[in-house]
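First chain A sits with chain B, and in the next complex the same chain sits with chain C.
Take a look at the complex of A and B:
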């Protein structure tokens, strides 16, 4: 545990070196909030509520969903596919493999440091801005607790998925292809751009069996108070099931992958 | 004329090198470069299916607005995206030296030695969307309207190229220009996928007067769909985009020339 904490803190520190980059990223997120909230305000027009598949959704709930979506993006997001891909392509992965620490966990701790940094310097200002500019809704303490649990599971899920996709670089070297494809699927099925409430029925029926919506749509719905207690329990259950499936999948892909490993020269 | 022939030669050689790769890679390049607009349009469709309209614009009109900016972007990206993106690395590593000793203008050479086949395929998709769109909206296709549309697309492409070139040229002063490039070229352009009237005054002013992407799609399209409510006189709606494009691109070229004078090689 101490080892992972050290990796995490070191990665946090190395992020402090890119100050201009952080300011830029914060600016991106603000711009994103501005665009998306403007779109929703214009879509609602003069109405204050709109019907959906989970009953009426008010504009304020929708704005909360949008801003929270951007925050969840900061918390769960990582660049594992790109990092893993370039390590595999360049052969640098060899030097990671000889470290006396499991590779997937090492990378997890490293990206954890990056996430922690982004939470402190990007997400906190954004939440503060959203609170004052749009009057974010805040849930009850119980819902907030459940939301945080779902979010933690979401981090694990997203990490497992991106790691598996990243490992595909062993077979298919052009990792930006697999990366973008993953992002396309993610934006369509996860509810990060648009809550599943507004999707057509048939689409929801497919999406709810996939793990993608458990990262964005699930936790945020809990926060906005659109799920009953029973549904929340079901959500958490599904998250655990998918975490189990994906961890197993990761082990399997990894066992196949490192046999494919070829390092040029040295 | 000589320039065009030279460019075609370069393009043919470039394409030959691409075909050397596994065909599947090239195929995926094409798919992934054109899939995002389709994803965005799907999202737009789902939203509009529920809500009906945004600020008076229905789905087909929004699709036209979206596609107009996208088409102009793709036209310019095929030609100038790679060169301006590369500039940061070329200046940092000193690779720009090679371009200074060729018998053609460095920028012309940068443009000629690549051809963004992914963006080109995106352009094919974009034209198909346009054809579908024109049918749905029952727009008049006459020589006049086609000429107008082409002048808007070319003007828009020049506006985008000008900002790409300026952001690339900044590499002569600043080491890392990636984030500025992304902000100006991608993120600000993303705003104009929706009618500018839905944003607050500051955003609107920036996109009309500082980084005038609004003139690429919003001003012409709103003039076309809602001529009575457009605050712009007709002559502006018809001519502003190409004129602005020519002026901005000319200034960007001048800026590039100033930047080039500052270039000091790495000396290795």
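Take a look at the complex of A and C:
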């Protein structure tokens, strides 16, 4: 554990080396919020509520969903596909593999440091902005607790999925295609752009069986108070099941990739 | 039984054969052709604890591939590697605790943070006891002169500083074996000396086994008593360095510049056809069996007013070419 804490802190520290990048990222997120909220305000027009598959959704709830979506993106998001891909392509992965560390966990701690950094320098200002500009809704303490639990699981899920996709670079040596495909699929099925409430019935039925919605739609719905307690329990259960499945998946793909390993260069 | 034992080690890569031209590129896309290449072919050797072995060969000969299999990051196509009773790729974690690796061309240090932070991380990664860690840092910093840049982020270090920092990082956990892949590449003479001195000291005081690949002959002269030569995936020589040089290096090249041009006839009388002349410069190939550089120099000093003398020893790559029996007399004019 001490090792992972140390990795996390050093990763946090190395993120502080690039101040301009942080400022840019913050403005990027801010712009994203302004665009998305403007769209929703325009769509709602004079109406205060819209009906959906989970009942009426008010504009304020929708704005909360949107801003929260961006926050969740900051918390769960990582650049594992890109980093793993470039490590594999350049052969730098050799330096990691000659150390006595479980590689996936080490990378997880490293990306944790980055996330921590983004929470402090990107998410906190955004939440403050959202709170004052739009009056975010805050849930009850119980819902908030459940939301945080779902969010933690979401981090694990997103990490596992992106690591598996990133490992495909062992076979193809190019990684941006698989990366962008992953992001497209993610934003469609996860409800990060548009809540699943507004999708047709048949689409929702498919999305329910996939792990993507467990990362965004699930936790955010809990926060906005659109789920019953039983539904929340089901959600958490599903998350654990998918974490188990993906962990095995990761082990399996890793063992295959390991055999396939060709370090580039030399 | 010896500490490191490698037997019948083979690594076969599949690689695409590219055709030429745009039509060829199209064909490559639709129906790629592949060929099999043995990067390492039936290599066997054994190394005892505390040896320093130079593993040499031209670029692409299979050195790095062999080392990658020994450190356990490449799975052999066939054959076995056993290191202290472990099969590296099956016991990656356990094996990696016993080894230290330095790749001359890439760093293992954390890029954006000070060197010392990476060292502290190493302490956790290898679970180095605090006393041991501090003792090692102090000792290594002393020999390598690291203190001056230990608080500088790695991306701001010069190549020589980075190399020293990398060496130190690879040895903090008292590895039993260190693999050094071209540790002196691109370094200036001072730093090279320092690095060599360090490797020697570690080997002497800790009985660390050292496996070293290099293109620098003086690395071998200063460090290794034993060399292994690999070319095109096959191990061609395994033994004494002196024996190798004496028997395969062939000759020295002696370049003498004289005040006035020497007549060809005079030179031919002394050296036969083993010379070329460009104006006032003479190049002489000295074969150690029949002649010696000292006698040649004495002859020149006696026959003309000499302005400059240079002796060039055969480069290690040349030795290998000789060994391979494909040596052509093309290097004369250098």
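The working rule: the second predicted complex is superposed on the first by the 263 of 266 C-alpha atoms of A that agree within 3 Å, B and C clash if a C-alpha of one lies under 4 Å from a C-alpha of the other, contacts with A are read in each partner's own complex, and residues count from 1 in each chain.
We adopt the following convention: contacts are C-beta pairs under 8 Å (C-beta built on N, C-alpha and C of every residue); 3 or more make two chains touch, one makes a residue touch a chain.
What you see is a predicted model; the values in this text were computed from it and never measured.
In the superposition on chain A, A:258 makes contact with chain C only, while chain B stays out of contact range.
By the document's definition of touching, neither partner reaches A:131: not chain B, not chain C.
Of the two partner chains placed by superposition, only chain B is touched by A:193; chain C is not. Look at A:39: by the touch rule set out above, it reaches chain B but stays clear of chain C.
When the two complexes are overlaid on their common chain A, residue A:94 makes contact with chain C while staying clear of chain B. In the superposed model, A:174 lies in contact with chain B only, and not with chain C. By the touch criterion defined above, A:240 lies against neither chain B nor chain C after alignment on the C-alpha atoms of chain A. In the superposed model, A:229 lies in contact with neither chain B nor chain C. Residues of chain A that touch chain B in their complex: 20-21, 24-25, 27-28, 31, 34-35, 38-39, 41-45, 50, 52, 174, 177, 180-181, 184, 187-188, 193-194, 198-200, 203. Every residue of chain A that touches chain C in the complex is listed here, in rising order: 2-3, 6-7, 10, 13-15, 17-18, 91-92, 94-95, 97-102, 258-259, 261-263, 265-266. Across the interface of their complex, chain A is touched by residues 25, 28-29, 32, 35-36, 39, 42-43, 46-47, 49-51, 54-55, 176, 179-180, 182-183, 187, 190-191, 194, 198-200, 203 of chain B. Residue ranges of chain C in contact with chain A, taken from their complex: 13, 63-65, 68, 71-75, 92-94, 96-97, 99, 101, 103, 105-108, 110-113, 117-118, 120-121, 124-126, 153, 181.
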